[in-house]
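The structure appears below as structure tokens.
Lettered A, B, C and D in written order, each chain numbered from 1.
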């Protein structure tokens, strides 16, 4: 059957495509061009590359230590995993071992980040399906996590916490108690929100069976992170690579078999609870074997020749860094960053097919693009040959 | 299917105290070690320009100290680090690499202004002016 | 695990290790497609995925190095296929028909490094790079691009 | 012909109109999301800028204040200029974050032009990486105060 194209919908979303470096880095406005037959989407083209900031090249031009702060700014939401991945690659080249306390503190910082990121995307999902009340409530509780991050690292978002050889500030008992208190308060709320997502009829109607990905497609298209885990693929570099202190901290890898948008959100909520347990475990079992803060004045100036490839489980999936040093200059020879959204968003075109236009934002949000992505949407109606602009949210409610 | 108590939550919120902080009439709690505005204490600074080399954003410029200030002998080149707060990313790398711990840190975060500002006034206020004559 | 991968040693001209412990097989560029089709044949197409494609410009040696990082499921073991292509004529066969997941990596490497993947219909300049650099015909990640 | 200075004079006369309820339009020119989530956080219940009548406008044509985050990339620069032209006339630009103010860590990159002021006139700079939500509100309140003062002068 030949389907005729009646409407072209251009969705210029400011989507996060934290493709690192040479990719725009974050928040790349991605253009999804969906071709719809009536209400049904028959094809989606994904265009990228609106704000490429040239980070990989920038890294080659700056020294190893300055790069720590540059790669932190690849993505604001997952800044600590970026820094951790890069710093561990440099440590592998240097052959450096860090203290156990530093390893535990790194895990704590990364899990706090996972908490706030998952809460954020769930809030955005609630807003996109028209549930503004839930959005405001989740965002209010998320402020507690931000406070905990501020206590631990000294800044709310971009924490600049990782350093070659350890972390940049220690916690004392007062701070530990404060963070524990905030986490325990948030845990209750998270259990409640998880139940809302599990049981609320509005959410179930909008999310269940939308954007289903089968297990084999998830592997074939290199999908990673919660998107793959919701389709039953057990990928978690925390469990397989056991970097930092993940070998000692107990946690479960959450997988679901449904593979739809709802399963992806549920995987995120379950991971949030796991993260809280891990953070509390770290706070209760923090070893005190050595000072975790290296003296930055005495770090090695010269980095030997070598190459390292590290993987980290970021909030959105597997993040990898490749760092190469030629041993001659103080700058890295090559830094390659592959961010999870790069795979998830660019390869996501097949998921939209067969759904209605109103489902498009739902599928997209369930892949965890970024928040402020709610830009406008252009609908070009070929029948009338006019184009009009809509707010992304209105589109979600059904044009 | 059991409905969650979102309605109850809404009603609770209606009668409870607002969650909003009445900012800017009432200030919020900022951690004392929040990374805020920092500047060089010129009585300790030797003008070695290490912070300027290490700054990831190239925001620190070594600038000559104006002639009418008394400069300690440890700073023979009469240079001081001028921080352009507009470009500064507050990573505090300059503070951790400074060999003389010459930086003063604060948790001041309200830096909004109609023009880009820098640290010249704050840094120079740590020095005495030469008495003329 | 490793016994499943024994067939790879017949393709490899050399094996190396990238820290931390990633096994690297250096293969000839013309063998790359047969390596991946053999992988699909032996392991099945849903038990490994191509995680990262790294292109490095080795200017002094006059060649470009391509590393395919492959994650084998379910153990999540990362192995690397490394191949070298000449810098003045950087062409290699695309594997996009075998593994659709390499689309982002191939597009990016083409745009930033100028490697031509024969058989990939989606390659275009300006995917990420601003148009003024495209007009000058420069590839930002080449060491001598001067951007 | 509309020059920059003539636009500025006009905005001063009319700014009283918007000082009661300025609507924000948020535009990302290539930010790392750090500033974006802080802008979003600053409109949530804890800070609630609707007390000042501040809210996010649904379209650029309804907006009074353009909040720009992120380093100005070459591709986004053209779009920013176009957006600025589409805004109705008393209009002000607020640059949020180190990247939007002066390029931040990306100032030397080949695809970044620099700060927002390379493309459009900026009324208020909010430094920080990223600025706290309080700092963003503080900047907006400072801008409103400035408008009030200049409005009084023109009466």
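Throughout what follows, a residue touches a chain if its C-beta (ideal position, glycine included) is under 8 Å from a C-beta of that chain, and two chains touch if they have at least 3 such contacts.
Because the structure is a prediction, the values reported are computed rather than measured.
Two chain pairs, C-D and A-B, are compared here, and A-B has more C-beta pairs in contact (counted per touch definition above).
Annotation: 43 Å between the Cα-based centres of chain C and chain D.
If you average the Cα atoms of chain A and of chain B, the two centres end up 29 Å apart. In this assembly, the C-alpha centroid of chain B lies 22 Å from the C-alpha centroid of chain D.
Taken residue by residue, chain B touches two or more other chains at 19, 56-57, 89-91, whereas all remaining positions touch fewer.
Under the contact definition stated at the top, the residues of chain A that touch 2 or more other chains are 24, 49, 52, 54, 57, 69-70, 73, 140, 155, 158. The multi-chain contact residues of chain D, meaning those touching 2 or more other chains, are 45-46, 73, 75, 104-105, 108, 110-111, 129, 132. Chains touching one another form the pairs A-B, A-C, A-D, B-D, C-D. Of all residues in chain A, only 19, 22-24, 48-49, 52, 54, 56-57, 92-93, 215-216, 219-224, 233-237, 239-241, 306-311, 318, 320, 322, 324, 333-334, 336, 338, 342-343, 346-347 touch chain C in the complex they form. The part of chain B that touches chain D in the complex is made up of residues 18-24, 28, 30, 56-59, 84-91, 109-117. Of all residues in chain A, only 62, 65-70, 72-73, 133-134, 137, 140, 150-151, 154-155, 158, 160, 168-169, 192, 195-196, 199-201, 296-297 touch chain B in the complex they form.
Taken together, the chain C residues at the contact with chain D in this complex read 129-133, 140, 147. Taken together, the chain D residues at the contact with chain B in this complex read 45-48, 51, 98, 101-105, 107-108, 115, 123-129, 131-132, 134-135, 137-139, 141-142, 146.
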